[in-house]
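In what follows, subunit A forms one complex with subunit B and a second complex with subunit C.
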Partner chain A sequence: MTSKKSTENGSGDVRLSGIGKTYGSFTAVHPLDLTVPEGSFFALLGASGCGKTTTLRMIAGLEEPSCGTVSLGDQDVTNLPPYKRPVNTVFQSYALFPHLDIFENVAFGLRRRGIKGVKKQVEEMLELVQLGEQARKKPHQLSGGQQQRVAVARALINHPKVLLLDEPLGALDLKLRRQMQLELKRIQTEVGITFIHVTHDQEEAMTMADTVAVMNAGRVEQLGSPADLYENPHTTFVANFLGTSNLIEAEVDSVSGEEIVLKAGDVKLVLPEARCGAPTRTGGKILVGVRPEKITLTHADDAGEIPAGRNRITGTVAATSFIGVSTQYVIDSSVCPEFEVYVQNIDRDTRLVPGAEVVLHWNPAHTFGLDAAQSLLAGTAGSAGVEEEAAV
Partner chain B sequence: MSTLAEAEAPPPLAPAPAVPTAKPPRKRGRWTPYLLLAPGLVWLLVFFAMPMVYQASTSVQTGSLEDGYRVTWHFATYWDALSEYYPQFLRSVLYAGSATVLCLLLGYPLAYLIAFRAGRWRNLILILVIAPFFTSFLIRTLAWKTILSDGGPVVGALDSLHVLDVTSWLGLTAGDRVLATPLAVVCGLTYNFLPFMILPLYTSLERIDGRLHEAAGDLYAKPFTTFRKVTFPLSMPGVVSGTLLTFIPASGDYVNAELLGSTNTAMIGNVIQSQFLRILDYPTAAALSFILMAAILVMVTVYIRKSGTEDLV
Partner chain C sequence: MALVNWFKRRLVVISGLLTLGYLLLPNVVVTVFSFNQPKGRFNYEWQEFSTAAWTDPCGVADLCGSLSLSLQLAASATLGATVLGTMIAFALVRYRFRARGAVNSLIFLPMAMPEVVMAASLLTLFLNLGAQLGFWTILIAHIMFCLSFVVVAVKARVMSMDPRLEEAARDLYAGPVQTFVRVTLPIAAPGIAAGALLAFALSFDDFIITNFNAGSAVTFPMFVWGSAQRGTPVQINVIGTAMFLVAVLFVVAGMVVTNRRKKQKA
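Here is the complex of A and B:
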């Protein structure tokens, strides 16, 4: 479990201390500590059923934690009902009030707090989300993307300390989702409110968030910036859930200075010690990982041209698929049955067709090491708990 | 259906000399909608439209049982009936209205409970709501006669709590009796029509997305405000259909007033029934029926307009 040190001056930080949730004998969220700094865009990323939505709902007050506390700045809000928390939520299916028009939906929170003369504020907010023209329409008369913007406006107009977003883009088609990702990021930068975003889409989390917490089975697996998570995954779940990783089981041959030399069959691989998250002792097992785009593919005939000092593996091309910007190869090798390699389509080597003998090689600095005691397949599309388009 | 078939027909190309254009090609399924409608239409024609016409003609007839009745377009029957029996009309509206309000007050919390809080007991409670229908309407009303009987436990309890003093003072009961008073009739009506209120209320409450309650709470609405601003407005279709399903049959009912009331609590249904079956003054009975029908139609139309259901989702 990773926890982040709170920024000392942050009076508006969201602080979860030992917060957990159990339903009978099922633990939805294991007690976790998490601090979301004021003004940040924070994403809780994970497959359906990993506890990310439950965590969000505990912050909103819609779910009562079984243990632990929730604080907003200096205020402990654990026992406050939702309507007393300075927090607003954008719900997964928007939950717009169908009997009220767009104007009244957006004005709802202000009216409940007894604020007079809401017209100007509501109109400004509708302008911010580019819905000024639609004020007198009913929610069902708007498109999905417009409804989504109403949901954001309805929450933001209250100037909450924290805005919670529960899979807000899940119901939109791909193109609109991309557009809304940028839009939400723009709004967040503009208003400077803390956003906590729950999603199962790793690309969405990486595009939008400053900090991502990857959750799995009720625990935070790893927390960090998107680049940090991608380049230095600490677990196989993170390595596989964020993008794709090639994982090879290897044995520690020797440790020399800052480098670990490993053996996988008859292949020798080098791994920088700093990038190894597992204990190393000679003869011990380690999972060696490398991202598909870090690898260069050379035809076996040109093997002599490969510079020295690179990790190299030989294999045969099993399959290729051309996807425009890059070509994806699946390589059969003795150490890893399905090695994935992405090659930018700059100068395509026409000899690289299925059956061709190839050498894979990469800079050892791009190698990372993981504890071999974990499942190689955790977090891959086929493994339990990971489904595309999670059900509610 | 037929427009669809026409749209699918290929556009006319070259003139086809062999086939005269006057004969359109046979369209499949053209008669299907009418065939499907036919049984219902025939039923309504025989058992609804024809009796209506017959009653309408009866209401403008004059004559006597011995000499027979003839249509004389005697519309004065309407005026006579209305001027003689308007107290019963008003009483019907009053009793049915009170029963409807009571049904709403009793039924709403129950429907709310079934829809949102009952959990696994939901189906059981729904069955209990419908269960009284397994027994005859008449038997159930007769049972109320026993429940409210003089000197019975209910009356005794109400008496010792001095409730009867208050209701007597309000004119709802008479002395230490509950039976044969307006209260008894309204209680009977409320009881008999309660399921007609609960079921539509339940249906419309059950359709409300629970996340709307969460959203309202998230937007600073206290639980009661959530009810007032979100739940209740969204349940309006149920409130409207429930009140209609209660009020309309209650205002024409005569069984409750007959069994639980007295001559002082006679409703318009009792008048119509006795005109038809005892006094055998068919024109007056028919005229009263039409007046009742028209009155209900007007009230219902105004009510639906006022409650603005067409704006609701």
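Here is the complex of A and C:
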């Protein structure tokens, strides 16, 4: 794992060792190991019920782990109650104290630790989140975005070693959420505190985090930088949950040097060996994946202009939807019934209407390979376990 | 036609005012007759205006003694029922224990039981225990029947409370005691206050249970009942009006404070 601000000996890292949680016979979190480097912005990404919030609550001390330990730097905090941990949480529903005004909400943590003369600190913190004017209002008098900022200020003022964010933007509308994502990122860079952020929104995780851990059914599926996860998913769950992937079942035809040649029906595809996460043997099955925006769409009449050496699939346009910056096409082909292609609206080819014959082609370097012994649909919107989390 | 329309448009206001009048008329009568100078022993017919009773509220033997006893009882019963009731409410909402469902329903039983039956049963209980009837037996009885009301009022409030608030407090360095005092209690306060007010009113007002279990003690409602047999002193109306005024004063003060807070924030 890499982080710009990580110290050499990792004295402020959050380390989870074999931490797990079971409720009776239900396992919410399978024992997992995770190290979050000091000063990084770390995201736990997954669908509802995947165990990400439970993991966060175990770090906060609000949930007792069934096994394993939580360490902050050199200190084992597994048995410390939440009020003795140098960790603060921004709750999903903000959980602002309704009987206290904004100033007192933010001052709460300082006062409980017996710190005197909190006025200056609180005012500075309210300035940081641009709420200086609202200090004497009650939480219910503020808008959702403002309440969210109060919740962040209330936690940050304590200078915790780690700030935990539990779906902090879930209740905000799309535009405000975008704005708050940038705002949180700015604050994190400014204060340099480790942020651990739980979300089910893959875009949010990728926008904000240095490192993302994708969780599924109580396990970490894959861990890495957003770009790494997106370009090199190791499982179909990650491939489908982060953005969209076109997955084709194919058979290994031959392996030559750094290239694997695959056959899917009568189509021949090339996959760089380095990007294949599955064992390859001639005749074996592999899932070939390609992201929708890597594909170029050419009308069948112009097929001759396609340069050689590219992966090619022929098909017909089944549906198109225009969404401003790009157009999304769904293509029916012999190897994959619903091939998704995103085309930037630079020069729109007006012939690409439903029913048109087209050739899909892409640079073989953009192809990735996955183990075929897993569900093609894991992590897609329709499959079990992935439903939009209700905004509570 | 125009008249009918005028009436239709103001139907809600008119019916509202009529209902309010229905509610307040008895209080008006009490107040008006507190200024009466009755001819005989009974204060049931208007004779002439006088402030005699107001200048000498304790002029009737035993009246102020019974009033003082009633106030003491109401205050003690309120305190006891509020503390116990609040604890019961928290236990019922926050903790899962055996027979929780049963307790939840049993707590309503004293509200449903006919008061006179409960009064007689309580007397039986006290006599069998050999307890001496008086202040303490009344207090025990009052706390008992006020409890259910406090539990209901506080429970509603605690149930609507977000448990995340207490988690947030613990997360922000508040230990269990601090969390309770700084967050739980203030948020539950309106429910607790409502329960306490209800308990005070119920205890101060109670006649039936008190009458059975009072022994030789005489509370204000008992005094009024007793004097009604022989003649009603005007002072009773004075006390009633005074209580009414104090209650109105509290409500108005509360409203003024709330309004001022709202204005400050706006």
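By our rule, the second predicted complex is superposed on the first by the 380 of 392 C-alpha atoms of A that agree within 3 Å, B and C clash if a C-alpha of one lies under 4 Å from a C-alpha of the other, contacts with A are read in each partner's own complex, and residues count from 1 in each chain.
Quick note on the criterion: a contact is a pair of C-beta atoms (placed from the backbone, for glycine too) under 8 Å apart; a residue touches a chain by one contact, two chains touch by 3 or more.
Not measured: the values here are computed from a predicted model.
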{"item": "Superposed partners subunit B and subunit C on subunit A - clash or fit", "value": "clash"}
{"item": "Subunit B versus subunit C as contact partner of A:Gly109, first or second or both or neither", "value": "both"}
{"item": "Contacts of A:Lys175 with subunit B and subunit C, given as first, second, both or neither", "value": "neither"}
{"item": "Partner chain(s) touched by A:Arg281 [first = subunit B, second = subunit C, both, neither]", "value": "neither"}
{"item": "First, second, both or neither for A:Arg136, with subunit B first and subunit C second", "value": "second"}
{"item": "Which superposed partner A:Lys120 touches (first subunit B, second subunit C, both, neither)", "value": "neither"}
{"item": "Subunit B and subunit C contact sites that coincide on subunit A, given as residue numbers", "value": "60-62, 81-84, 87-89, 91-93, 95-99, 108-109, 112-113, 138, 154-155, 158"}
{"item": "Residues of subunit B that touch subunit A when the two form their complex", "value": "209, 211-212, 214-222, 225, 229-230, 233-234, 236, 311-313"}
{"item": "Sites on subunit A touched by subunit C in the complex", "value": "60-62, 81-84, 87-89, 91-93, 95-99, 108-109, 112-113, 136-138, 141, 154-155, 158"}
{"item": "Partner subunit A, residues of subunit C touching it in the complex", "value": "162, 164-165, 167-175, 178, 182-183, 186-187, 189, 264-265"}
{"item": "Touching residues on subunit A, where the partner in the complex is subunit B", "value": "60-62, 81-84, 87-89, 91-93, 95-99, 108-109, 112-113, 138, 140, 154-155, 158"}
